[in-house]
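Report on one structure; see the data block that follows.
Think of it as A, B, C and D in the order they're written, each chain with its own count starting at 1.
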Amino acid sequence: MSEIMKSAKETIAERVAKEMRNGDLVNLGIGLPTLVPNYLPDGVDVILQSENGFVGLGPVKDEVSKDLVNAGGQPTGIRPSGAFFDSLLSFSLIRGGHVDVTVLGGLEVDQNGNLANWIIPGKMVPGMGGAMDLVTGAKKVIVAMEHCSKKGAPKILKECKLPLTGKGVVDLIVTELAIFRVTIDGLVLEELQEGVELETVMEKTEASFTIDSNLKTEQLN
Amino acid sequence: MNKLITIEEARELFRDGMTIMSGGFMGVGTSEKLVSAVLASEAKDITLISSDTSLEETGVGPLISNNQVKKVIASHIGTNPITGKKMIAGEIDVELVPQGTLAERIRAGGSGLGGVLTPTGVGTMVEEGKATLEIDGKEYLLEKPLHADIAILKAYKADKAGNLVFRQSARNFNPIMALAADLVVVEVEELVEVGELDPDTVVTPGVLVDNILV
Amino acid sequence: MSEIMKSAKETIAERVAKEMRNGDLVNLGIGLPTLVPNYLPDGVDVILQSENGFVGLGPVKDEVSKDLVNAGGQPTGIRPSGAFFDSLLSFSLIRGGHVDVTVLGGLEVDQNGNLANWIIPGKMVPGMGGAMDLVTGAKKVIVAMEHCSKKGAPKILKECKLPLTGKGVVDLIVTELAIFRVTIDGLVLEELQEGVELETVMEKTEASFTIDSNLKTEQLN
Amino acid sequence: MNKLITIEEARELFRDGMTIMSGGFMGVGTSEKLVSAVLASEAKDITLISSDTSLEETGVGPLISNNQVKKVIASHIGTNPITGKKMIAGEIDVELVPQGTLAERIRAGGSGLGGVLTPTGVGTMVEEGKATLEIDGKEYLLEKPLHADIAILKAYKADKAGNLVFRQSARNFNPIMALAADLVVVEVEELVEVGELDPDTVVTPGVLVDNILV
């Protein structure tokens, strides 16, 4: 794929894919996160969970089954190594720390690792579905989102204004501009996406952050 | 004991003010026949416990449109715009519950537990009005059990003793709800004789099932 | 079976069997309670639970399976209508009120419905197994035991002296002499076993009890 | 990923001071091979979590006789007289837990819950030292979660991805313990290729299983 043609979403998904380790049990939110499997490095295969009741999410094979949908309600498939279970075991896997990575979109993230992505008061309320359990229980929570809102407003804030999905739950933020790690001391800028300048990230990020000492110096100029 | 009922008999089971649990996730694993029986019963002021309110025309969606529901306890209502409209208009009370917590609360209600101690929702709107407990240095919400008058479920196969097996992702909340209602009614795609299901593969034992609708 | 030949245990089991209703889910403790199914009235069939993980306990068929034992660890069988599950669902059935009747032996029962049957301090400690869950969760708890200890001491007491299995849990006490119902006002003598005189029961019962007004007057003389 | 291990590799998994959960009820559904691996490892000061301590010569019984266990958490020890003798002699600490509570505590430990709110044991010795909560007028004990370093399990069949099915009453605590240990090792009677188990009949998904011993 040509770098020039790559959209923000593709850039984000590709970078998130590098966080996966072979054999990880992974739960992907609806939308952008579902692009991640397209970019898995060679030799890395992950097991996808669908929180409505199975592991081994895969492409639809042969024919569509009315009883087999993903967590978005869309027809899907299951790998031969997969297994079905009820919602209870599904969330035991999630809350019990058996899910290695979850990748979710975000409306807002803040420097304390708080995430807001389930409700905009005054507008329609979709509900949190499984998102609150996922951010609470998964071993690693990656927020994969565009750096700013459609109106250009920063989404990485000093403090979330929207109602939270989880408090202090985020481990990594991946945008088309940069990658931030959340630590107990706050946000650390770990990486700039290719061709992005530090100045741009500083301008478009409301949150305070420190810069990782390993950030390549050529990236900083 | 004969557990088989007709659709006409099913209609007679519903009353105004009942709490009804329905299995299914976005309509998959929801009993269309039993939803139609609730519609035909014209029971009002129902409290509906379900993963979501599906789409307008699928799953439990029609119950919302038909003005039979006064309260919804669910994890997601966004795919059925009628639910949101009625909520904003004050016609339906909606209690949003994280999906894993919903499953646990139903299980607690059906398993004699006093509640659920979950970290999910700590520090969020979900915490409001609930007791929190610090246990070994970590904070948990005390979430209360849920129980229903009737559970309307969907299974793939049943034998005449009510033993159930499910198919693919249509299992979801169905086996949990079988524990947590005074009356458990199941629509099945296929009814087989006792002895045709392997006791090792039964997911919900027949002792939990009161009525079967084919 | 000749009435003359009937042992105390048989008398008790036969009377307990009359408490069962067709279709009841029943859990029977080890020992005397396992005799109950032999005396079920015509037209009454019950489903037996084995708390180690199944319903539909029945006699061994054809051949013994190493993987199929009852809650006493003895080889057993399963009816065609039975189902296996894990210990978790087994105790959800028990604690969740899905078991209609449990029948257990007793070391001591008292007039407040307390039951002691799991430990004798200073002697060996077997452990409570599933008994505490059963007496807490079953809809109806029947204690089936001989009226007095082997030494002739009353076992139906004003107050249990041994450590309790459950507090205020007993619904019915069936002995070879009498049947007591536990109410919020205390014990009610509901029935005398055939040929037993009230005087005998009063003599051998330490607990206070009232006499049910329906107790047949001929029984009282 | 290859999950298969040899009995020699299994022996290397055990260390002094570990907490080990073992599936099985009176030895039925207990892995004899993995028990023998623990024996061969000579690991000491083990905390053993199990339904019971079986008989002297069956199930986890030999671990007791071999002086490897410093603490037992179980619902029943009466069938193995060695456990009782060692308890009275002060050589083994025994924590007796109602069987249903034991199952729930293990599940809580494997499901991220802060504890279990159970009515079982209220007003008995089991209550001693525990917090009680009154919820909607009824009293419950707060029972803490259990978690282990290793779970040694027994299943009937596994595929190479670790998906498990169990047979008859040998299922018991095995699927619950698969949730609640850092390392989950399973002895199976039969190993099949991926694709040979129907995903609808799998009881324990392979994602919970680390190692398989045939």
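Note that a residue touches a chain if its C-beta (ideal position, glycine included) is under 8 Å from a C-beta of that chain, and two chains touch if they have at least 3 such contacts.
Computed from a prediction, not measured in an experiment: that's the story for all the values here.
Counting hops only between chains that touch, chain A reaches chain C in a minimum of 2. Distance from chain B peaks, on a Cα-centroid basis, for C.
Chain C and chain D have CA centres that are 30 Å apart. Inter-chain centre distance (chain A to chain D, centres taken as mean C-alpha positions): 35 Å.
Of all residues in chain A, those touching 2 or more other chains are 54, 78, 84-85, 91, 94-95, 136-137, listed in ascending order.
Within chain D, the positions touching two or more other chains are listed as 104, 107, 112-113, 118-119, 166-168, 199-200. Interface note: chains touch in the pairs A-B, A-D, B-C, B-D, C-D. Chain C makes touch with chain D in their complex at residues 50-54, 65-69, 73, 78, 84-88, 90-91, 94-95, 114, 119, 124-133, 136-137, 163-168.
Residue ranges on chain D touching chain B, taken from their complex, read 104, 108, 112-119, 133, 135-136, 138, 140, 142, 144, 165-168, 199-201. Looking at the complex, you find that chain C touches chain B at residues 22-23, 25, 47, 49, 54-56, 78, 80-85, 89, 91-98, 136-137.
Across the complex, chain B meets chain A through its residues 25-29, 51-52, 74-79, 81, 84, 87, 94, 96, 98-104, 107, 118-126, 156, 166-176, 203. Chain D makes touch with chain A in their complex at residues 1, 107, 110-113, 159, 161, 163, 179-180, 194-195, 199-200, 202, 204-208.
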